[in-house]
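What follows is chain A paired twice: with chain B in the first complex and chain C in the second.
Then we have the complex of A and B:
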């Protein structure tokens, strides 16, 4: 009896571990392969069959950081570090602006019932599932007219389409989970509504705000098509800048791999740092809401 | 009216669209007086408290606090203290910071703040948990911290929304004994919301019965128990519940009495009993071991001990069942007993309107 109990409990655990390993290999293998590729030259990468053992080289990273791409056809300027800086600036500024606009808006949608409130909230959400190409052509025409094309301000503005709905909806469901009585108690104590908002509502929704901010940052960082159309070389983020690796003399796999490693590092670091909040934010907020 | 101290509310109404939560609420409470707001759930008790505190944006009517019309002011300007049913402590602050909040809002000096917190904490016996976060407190400690926060600013108006609802039975019993002393010490005009008739009896100087958004009766707890305005109030206010029997007209009874299952009751002279409902409080029924004149035979079905009294379920020969509450050792279940009822304390209601047929001096408010 006891033995069969042990087997009944042990078998699923073994199976679960096995399944987890399979899933991990499936998802991590491309990343590991890219990481290995980033330390190889183009010739080493293109060898058939591929070798697992090779002499690592830092030439890909050197080329990216110095901004000089050496190919068979000669040397090529590559503003990769600038692209990386653009990505960081655009994502951080967009998320900051979205938080500034989205958190008070989320609070209003959570706490007050007003005319067309649901419709406005849903319209904002619909920006997330409308295909970006639908708005890009008129947007680029408007931006040229307004002088916003190829400016950081213009890009940060457009990035609100990505960040604002995400932050609004996740933070809103967080605010809805908070009992309004806690804020009422603070008001009755003699504090203004603004203090109740900043001292009670925002700190209590803190994890949700952090998780939403992180998700928005990742989505903004990964955006490609807005920047492709609306920005030229000196304002481009890494996602667009990576196109430069497709050169006349072939595709620079080694540098692409190194560029990918460098460009996932900031979001990876952020995600690891905020992992606990992120999971909690997803399970409490977005999914439930 | 406006010069009066304490709390005065006039014509308070709260509606959302066609949904009228409260209508025409009027009452006044003197400083140091406790008004218990009593009614079943969903009847608008919390909405009324929120309207008085300034937390109900849809509230109409006037709220006067110490002779000042505060109807247009926000909750922060009304100088009320409020305890919430779910405690509503600030989870990211310690108990001490929770209690400090009303003092901080008013810019009370540091030394005075600490002194006041120490005093209220001692009164409520929570000194040892002041530096704990709310999640580390037991329900009883949470409830005391919430009370301390409501009391510490010495508010003129105290609004307590069923503060004993979420605490265990023992603590509820203790607090029921302790609260009158605390409320007297606070000296504020107090509204105490509850659904528990014992709490209403223990704490209320007066009780307001709120049913379907209207105050049906305001009086002392004893007066409401003895002379409820309607059948609904008689049913709500009292535990074990009142016995209610529909009466049929009696022929040839001389018009001077009525009976249920042979139990005769002397009642008003010109009362035929037609369309009437008779209410008998369980403790007005007396048990006898043998037949007396006027007593009627009943079978004892079940016994429930309740504190020093026992609650008995009886069945009359006619099939009517009634609940009696008596002191002393009851006979065995299944045995036959003889009962009489105190006709002077019986209540008579009109079956159609539910209103009590007035007999004797009754102060009752019917909106």
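Then we have the complex of A and C:
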């Protein structure tokens, strides 16, 4: 009897583990395969049928980091690390600016009722729905007039179209979730609304702000078209730079794989670091009502 | 001694002595290969400068927009020659091909003054030229004061010169009366067969003579080669599926894209010739094409040939050439052949892709940009590209006769011969019209349906022609 109980309990556990492994394989296989590809030469990758066992090489990473790929066909310049740096700069600066502007704005929308408030909030949100090319072509004319074309400042400004509405609307919902009573009590003690905002509201909405910042960073990191249209080759992010391995004379699969691994590392590290706040923040926002 | 050495290289540039004599004399003076290269370059620069004021725009700065391509690599490798010749500075932006034309279109449509000149294909100029975004380069070519006497415009293959000129009137012949020269040919590719000699030997087949023969050869490879499929051709839902092998063979069968009557266009994709050719083409892909044919672009077709996954391709000759080097598994095993699809025709009618250089109408340095374009498409730079870099195919007949280039290209079996057989009739066979990209994409989509057996070929082509006629009518073209 006891033995059959163990068996009965063991079977579902085994099935659960098996199902878990299947799900993991399904979701992680492409990433694992790319990771393996990044340690192979093009010739190894293109073998028919593909081999799971191979002699690993660091040539793809070496080429990306040194900026030069030496092949039998000649030498190829790879500005990939510059692209990576551009992505980091554009994403980090854009999110920082959006937080600076968006968090106080979100607080204002959450706490104060003012004329045209909702209209302004929806106008900001509508930037997220506009097709990028529709916005970018006229914008590039203005940027040329203003001297902002092909500058990091101009790009960071345009990246606000991605980051600012996201941060504003997510953070606004967190502020609305917080009871204003704590802030009123603090203000009754003689503190200004600004101190209430910085000392009470921001710390309480911290997880939400972190989650919104992280999401905005990921969206900015993945953006492709803004810099492509508005900037020169030396200011392109990693999303455009990774395409340089697809050339008329062939596709450098190994470098593409290594580039993917390198380009997901910063967001992955950030997401892992902020995972606790991210989950907490997102779930808090989700149950608002 | 230095004057003697200078004179020796100048004599070579002027054609007074041959390459062998130059090498022999250079060796006598103890000049190594790299020093000889520098001296030759300097002599060419002096020769160019002798009869044209290349310094007229000294001190100006140009910016060009380039696609990541071996032709662009050759230009950059030789850019110092231009700087020395003109005293101008040149910077460039290089973008990957996947996004290149988005960048060009955005820059031109926003009237950006950033780029003075840029790489383009001839098809793209059918949009850019009539929109007023490009300079008609006839303004320079027909002005003796602005054209270097040794530029030799007529030295560029006639089919390429006419293919890059158009009046802007839908249906007008390329290079016909009133045509404007929207760009200058810089490098080009003809569509022919590149095949894997190792696989051919293994299976015991020969370079196909025509399309019915190609079907048999491809089927035998698929059946007997032990893995590789017979023939690689493009199949994605894009204009790029129609323009290489497909249109070359289609034209050879007498097929046309449109009939032009009284200035109006009428779709001709359902003509008897078109149906005859398309049936064979569809059958070939169904029996011996790649499994994921509908996703195949330049990259997949080339990669499979280089990796030994396909027995042959009917695509750009330079695609085969590129796959014959680098770290491709099948390098050294590839061969090339001219291909006339129609059994009743002896000569190929290869449609061409022409990488060209065009000038932005919004450039603030037009005359200086012109000097750049005529240098880049001139004999000396193209000779450098052909000899030292991967600038195949050269657009100038003279370069195909250059002994050093001939020696280099002779290492690719059949390459020179396929070019020689194809060059006389190599040109763009599409009818120029502003809906080019949309309508050829529809054509590719119809092919996909036929290959997938969703619709029989006859019916599919009739439907395609009817749909295209409707679109032409609503655009005022039909």
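The working rule: the second predicted complex is superposed on the first by the 259 of 289 C-alpha atoms of A that agree within 3 Å, B and C clash if a C-alpha of one lies under 4 Å from a C-alpha of the other, contacts with A are read in each partner's own complex, and residues count from 1 in each chain.
Following the convention adopted for this analysis, a contact is a pair of C-beta atoms (placed from the backbone, for glycine too) under 8 Å apart; a residue touches a chain by one contact, two chains touch by 3 or more.
The structure presented is a predicted model; accordingly, all values stated were derived computationally and were not measured.
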Between chain B and chain C, whom does A:141 touch in the aligned arrangement: first, second, both, or neither? second
Which holds for A:126: it touches chain B only (first), chain C only (second), both, or neither? neither
What is the contact status of A:192 with respect to chain B (first) and chain C (second): first, second, both, or neither? first
Counting only touches as set out at the top, which of chain B and chain C does A:247 meet: first, second, both, neither? second
So, does A:179 touch the first partner chain B, the second partner chain C, both, or neither? first
Should A:200 be classified as contacting the first partner (chain B), the second (chain C), both, or neither? first
Partner touching more residues of chain A, chain B vs chain C, is chain C
Going by the contact definition given at the top, which residues of chain A touch chain B in one complex and chain C in the other? none
Residue numbers of chain C touching chain A in their complex, please. 68-70, 73, 93-99, 102-103, 106, 109-114, 227, 298-299, 302-303, 306-309, 318-319, 322-323, 325-329, 331, 390
Could you list, by residue number, the parts of chain A that touch chain C in their complex? 41-43, 46-48, 71-74, 133, 136-138, 140-141, 144, 149-150, 228-229, 232-234, 236, 240, 243-244, 246-251
Help me check something: in the complex, which residues belonging to chain A touch chain B? 179, 181-182, 184-193, 200, 203-204
Residue positions on chain B within touch of chain A in the complex are 50, 53-55, 74-82, 84, 86, 88-92, 101-102, 105-106, 149, 153
